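Down below are the structures I want you to see.
The two complexes that follow have chain A in common; it is paired with chain B in the first and with chain C in the second.
Presenting the complex of A and B:
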C-alpha cells in the first residue's frame, strides 16, 4: 500500500517534471556544444551573446570546445562515425565553403533563419556579399596583417609601412613570423614580386606563378619563424624574438593596447577574411531547434555590435557598424582599430574565396613540400 | 623475458601436463591399458577437463583487460592502418568512367575516346549532386596536383551541357521543363498513384519504380531519371512528382533519341517525344560534344594526365599511399620516384631516426651518472634526489616545453646570460630554438626520467661486494668500473634506450613547438595530414612505416643484445 502510493507520487512528479521541461523548451534540447578558437575571440563571443542568451533561457547550458582549427577533420570523422557531437561550429569562410561542398554543413536560408535588421532590412541584404557560402553565417570581418617592434626599426630608416618591407631584408634586417600555410603568403609574395594587385590570382593559378611566389618567399625563408596558432606572433613580438610578423589584427590590438608593448600596426595590404558559424549536417531535431534559436539571437544587429566591445573585429552586418562603441574595459573608441576603418583600409587586398576553394589543395601541397625542404 | 623454469613443458614432477604426457605414453605403448581416474573416467579426459576449467578461469580473469585493449587500442589502430591501402572512392564516385577506361592504355600519351568523356559527364554530374566530387578531387590531388580544382570547376560547369538541350526542348514544349509530364513518362503508374496518396505521416515515400518497358526504349534517360528520383526521395525528401529533373536527364534523352530507335515508344507523351525527335533531327538543333565541353571547363581535361591518374587509381585497393610515403609515385609503368622538389618523406624519416638517436645518446650520457649516484648514496639522500628526477614527470609537458622556449630563444635566459658574460655579442645571439638543436635539448630533458629510472633499478641490484672484491684483487678504480660494474649495468641502459628511443621516434608536441621547420619529426607530418590536409591514407601509411621501423629496431636489438638482457627492475 505504502509502496504503491510512493510509486504513484514519484511517477506523477516525473510526468510533471518532464512536462515542465518540455513546455519550457518547446522541444528544444537544453544543452549546446559550441566550437570556437579559444582565447580573446572566444571570450568576446561568450560575453557578447552566450552569457546573455543563457540568462534569457534558464536551464540551458553551453559547453565550449576549442577545436575550430581542426574543425574540418573532426567533422569529417564525426560524419563517418555517424555521431555529431557539436551543435554550432565557428570556422573561417574558407573552411565553411569546404564543409558545405562536402555536405558536412547544413545549408541555411539567411532570411528565414537570421533576424532582420532593426530598420527592417532583410538579413540577406544586411550581410550582403559576406554570405560567401550557402552554409555560412558570418559574424566578423577580420584581417591578417603585420605588426612590428617599434624599437627594432634600424636608426635613420623610416618605420616599415609597405607590405614589401617584409621582403626587404637589407633595409629591415631581423626575423619575421609568417603563417605556416600558403594562403595570404603567396599573395603577398607575388605583390612584392611586381605582380599587379588585380592579376595576383590569375598568376597564382598557373604553375609558373606558384613557383614565382615560392621563389620570392625563398629570399626570406631563412629569417622566417612559421606560426600556426594566432597567439604565436603576439608572443614573439612581445619577447622581441621577431622584428615583424603577420597575425590577426585583433591579436595585435591586444598586444598594443591591452598589453602596452612597443608594437605598431602595418595595415598595408591587409587581407580581409570572414569568420562565422556553420551548423553541422545531421543534427537531431531538438538540438537543431535549440541551435537555430541561439544563432538567430547571436547574430542579430545588436549582438554583433556588442562583440566589437571586446575585440577589434568588424561586425559582419552593415546595420551593426554604427553601433560599434567603446572597448568594454579600456574605454577607447573601437572604430579606429577596426580593419574596415577608412584610415586602415587605404590599401587592402581582397581575398578570393572561390579561387582558394578551388586551388587550396593544389597550392597547399606544394607549399608544404617547399617548407619541409 | 621468458623464464625456462616457468615453462609448463619443462617442469619435471607431478604436474597436470606431465600426467597427460604420461597417460599418452601409456596409451601409445599399450593401447588397452588406459589409466583411469578415481571416478572411472580415463585419466586423460579427467585431467583435460580440470585443466580446461583452469584455463577458462585464467582467461576470464584477463578478459576485461583483453577486451579493453582489443576494442580501444588494436581495433582503431587496425582500422586506421587499413586506410593506407583502401581506395574505394574513385571506383564508387566514377563507376562509369572506370568502366569506360577499362581498355584505355595509361602508359601511352593517347587521349581516351568519347565514351570516357560521356561516362565522366554522368559520373561527375551525379557526384556533384551528392556532393562527393570535391572529396574525389582532393583524393586525386594527392597524386596529381591540380585535380582538386579540376573537379570543383567541373562540378559547377557540367550543368551547362544539359542546359543547352533543356533550353531547346523547353522552347519546343514547356512540358519538357515540368515535373509532372516527366514523372508520368518515366514512372510506373502504380507508383505515381502511391506517391500521390502519400503524406508525411506515412513514413518513407513509396520507392520510385520505372514504367515497364521505358528502360528498353530510353535506357540512358531511364537510368538518369531513376537516379534523380531516388535522390529526391531519399536525400531531399521531395516528391519527384513536383521536382523538375536535373539537366543531365535532358542530355540523356537527347542521346537516346540520336543513338537509338524511339519509334517503339507509346507511353504518355509519345507525341511530344516524336515532335522532339523531329526537332533533334533538324539542321538547327544545337549540340554539344562532351569532349569540347570538358575542355572548355578546364584545358587539363585535354591532357591525358588526368585520365591516366583516374585509370591508375581505379582499383579498390592501392599501394599509392605507401609509395607516396617513400617519395615515390604510381605510374602506368610501375612505381617511380617523385620529382626532386617533392621528395620530403625520406628526409623526414632519416631526420627522425637521427634525432631520436641523438636524444637517446644524450639521455644515456646525462642519465648514467645520475642513476649511479642515486643507487650508491644512502637511501635518505637518494630519495630526495629521486624526487628531483621525478618532479618533471608531474609537470605538464606543455609547460616544460614552453619553459625551454623561454630559455633558448634569442632574447631568452641563456642568450641573455651569455651576452652579459661577454661571451657572445648582442648582435649575434645564438640561434638555439626552432631548429634541431632546440628539439634535441627539450626532448632530452623531457625523456630523461625514462632513462634514469630503468638504469637506477638495475644498478641498485648490483651487489657492492663485487666492486669491493675487484678492488681487493688489485683492480684500479677504472678497471673495476669498466670490467665489473659497467657490464652489469648494461641491461638498464638497454631498457632505458629502447624506452627513450621508441618514445622519441613518435613524439609530436615538443618538436611542433620548438622544432621550427628543420627540427620536426615524421609524426608532425602525420599530424598535419590528419588534421589539415585530410590525407588520412597517407598519414596511415606513414604511421604503418613508423610502426614497422620500431618493430624492426626492436627485433634487431633482440638479436644483437638480447631482449632477456633488458630489465625494468629487480
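Presenting the complex of A and C:
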C-alpha cells in the first residue's frame, strides 16, 4: 500500500514529485532523475557509480530516463514550460556546448565541483583539454570507427586496415554502413581523396572542398546503407547484410567480444568524441545539492576507471587510465580495447567542435540534399 | 451448400491446362531461382517442370491413379526441397508438392467450375478466383510481420536475425533467454506495472465520461450538440503529436506533467471519442419510450439508467471501453510528453529499446502482447455471443 500512498502524494504535490520528500537535515532531495542513452552504456553507468552511490546513501532513489538522444529539444521544452524534471543529463560534447550557449545547462567550476585526483592533481588539470565547455563534465572518450565481417573478406586479399579500404569497392566489394549525417563521413572522404590530415578542415571550409568530399562519397553511394541509431550497424553486421560499417567502438566491442560474431575492428582514422554530464539550469536547491553530491562521486578517478570494466570507452580523467582493469564478466583486459590505447590510436581524429559549430548547418543541408538525389 | 455441384465438369484440353499450371510453376520458379542466383532460369525451369508434371498426370497416368500421383508429387518435392535447402526445404517441398498435386487435377479436370453457376464466362471465373487470391494476399500481407516476429523472439542470439541454426531447426539456435530477460529485468517489469496501472484507470474514466456524454448528446433538446460533439471527438482527429505538445505545456503549468494522474487524464481524453462514437451508435437503436415507461412506473432517472438503458447499450459501452483500453495500452507519443521517467509504459520502453539497442527482448514482449490481445478479443467475442444467446437475439 506504500505505493498507492506515494502516488497520492505525488499527485497532490505534483511538481515537487520529481524532487520527492526532503531528506531530513541534509537539505538534499532523496530522488534523482538521470538521463542517459539506454543499453550497455547506461548499464555501465548504473553498475560503476549509481549502484555504489545508492548503497552509500540509503533512502535515495535514482530513476533513468533514456532520452539523451532528444535531450536538447526536451530541455528547451522544459525550460519553456518552467518545469525541469531532469536532474542530470548525459549528452555528447557538441550538445553540451549548444545547451550551455542557450543557457539551458548550468555553468560549473570544475575544481570546486569535481574531486581532485588521488595524487592531488586538480580536477581542471586531470580532465585537461576535455573540458570543452563551461557546463560540461566529461565522463568518457569514445570513437566512431569501422568494424568489418571477417568471413566476407575476399580470398587472397588482406583484411581491410586502412580507412580508404572503405572507399575501395574493387578490392573490398560489398555493402557498407555509414551514419546518415555529414559529420565524420566528410572527413573520411577527403582523407581518402588525397587531402592531407592537417588540411582536412581547411579544405572542408570551402564549397569546392565540400563538393570534393561528396564526389568521393558518390563513388560508393550505391553500396551504402545509412544508419541513424547506434544499434543499426551491429545488427547489420550480425545479419551479414553489410561487409563493413561505422559505429561507436563500444557497440563493436559488444558484437565482437560479448556476442561472439565474426567481426573485427578497424581503428584507422577513428574519430574521438566525448560524452559527459550536464546539470540543467534552474534546479531547486535541494535537488541541486543532491546532484552535486552525486556527480562529485560519479566522476572521481576510481569511478570512471570502474566504468571501463563494463564498456570499452576510455575514462576522461588522465589519472583513471592506469586503473583500467579487466572486463567484469569476461575477465579480459580492457586496455587493448580502449580507443585511446596506443596500438589503436596510431591515426586518429578529434571531433572538431569549433569547425562543426560554425559549418554544421550548411554542410548538413548540402549532405542531405546530396543523399536525396 | 457449398458442396453442391452446380456445373457438370469435364476434362480440359491440354492447350489450356499446360500453360495455366506452367504459369504457377514459373511463379514459384521466381523464388527458387532468386535464391539460387538466376531468376530467369528459375522462371523457365519452373514453367517447364510444372507443365511437364501436368502433362504426365493428365495424359500418361489414368484418372484412377490420382491419389498415387499426388503422393508421388509430394515425395518428389520433399526430396528436391531437401537437396536444395535442408530441413526447411522438406517442409516447403511438401507444401509445394501438395499444392501442385491439387492444382494439376483442379485445373486439368475442370473442377474449378464445379461450384460456380454454369452461365459464367471465362473472364468472370478468372475474376472470381483472383478476387479470393487477392483477399488472401492482403490478409497474408497484414499478418506476416506479426508471424515473423514470433520465431525471432526465441532467437538464441542478441540480434533480429534468423541464424543458420534456427533455419536448420537446431534446438541450439532457440532459447527462452529473451523471455527470461523480460520477466527478470526491473526496467521491463516496472514498465508493465506502469501500463497495468495506467490503462485500466484511463479506460474507466473514458467509459464513464464517454457514456454520459453520448447519452446527453443524443437528447434532441441539448443546445449546440453538434459543436460539443465535434470538440469531444477532436482528440481522435487532431494529429497526436499536436495534442501531446499542447498537453505537455498545459499540464506543466498546472503541475500535472510527470504525474500518474496526468498520464491517466491524457489517455482518458484520447479514449473518450471512441466511447462516444460506439455508444452513440447503439443509442440510435434505443427506444426512448422505454425510459418513459420506466419513469411512468416510478423509477428515478438513475435507476432507469442502470436497469433499463445500460443493459441495452452495454455492447457499445464494452467495445468503446475496449478501444479506449487499447488506445491507452498502445500509446507512446502522448506518454513521452506528459509522463516522466517514473511513468514509463510498455510502449515507451519498447520504443527506446528499439532505438538504442535492437534487442530481441522487444520481440518477446511483442509476442506476449499479441497473445494477450488474441485472448482478450476471444473472451469478449465469446461473452458477446453468450449474452446474445441468453437474450434470444440470435439462434446460436
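Before moving on, here are some points about what is shown:
Note that the second predicted complex is superposed on the first by the 348 of 373 C-alpha atoms of A that agree within 3 Å, B and C clash if a C-alpha of one lies under 4 Å from a C-alpha of the other, contacts with A are read in each partner's own complex, and residues count from 1 in each chain.
FYI, a contact is a pair of C-beta atoms (placed from the backbone, for glycine too) under 8 Å apart; a residue touches a chain by one contact, two chains touch by 3 or more.
These figures come from a predicted structure and were not determined experimentally.
On the shared subunit chain A, the superposed partners chain B and chain C overlap sterically.
Of the two partner chains placed by the overlay, only chain C lies in contact with A:63; chain B stays clear of it.
With both structures placed on the common chain, the touch criterion links A:103 to chain B but leaves chain C unconnected. When the two complexes are overlaid on their common chain A, residue A:239 makes contact with chain B and with chain C alike. Applying the stated contact rule after C-alpha superposition, one finds that A:358 touches chain B and leaves chain C untouched.
In the overlay built on the shared chain, the residue A:370 is in contact with chain B alone; chain C does not reach it.
Once the two complexes are overlaid on the shared chain, A:206 sits clear of chain B and of chain C alike.
With both structures placed on the common chain, the touch criterion links A:225 to chain B but leaves chain C unconnected. By the touch criterion defined above, A:73 reaches chain B but does not reach chain C. When the two complexes are superposed on chain A, the residues of chain A that touch both chain B and chain C are 69, 239. Within the complex formed with chain A, the residues of chain B that make contact are 130-131, 134-135, 137-138, 141-142, 145-149, 152-153, 341-342, 344, 347-348, 409-412, 434, 512, 516-517, 520, 525, 528, 530-534.
The residues of chain A lying in touch with chain C in their complex are 7, 10-11, 14-15, 17-18, 33, 35, 37-40, 63-67, 69, 77-78, 80-83, 85, 229-232, 234-235, 238-239, 259.
In the complex of the two chains, the chain A residues touching chain B come out as 69-70, 72-73, 76, 98, 101-103, 175, 181, 225-226, 228, 239-241, 357-362, 364-366, 368-373. For chain C in complex with chain A, the touching residues are 157-161, 187, 248-249, 252-253, 255-261, 340-342, 344, 352-353, 355-358.
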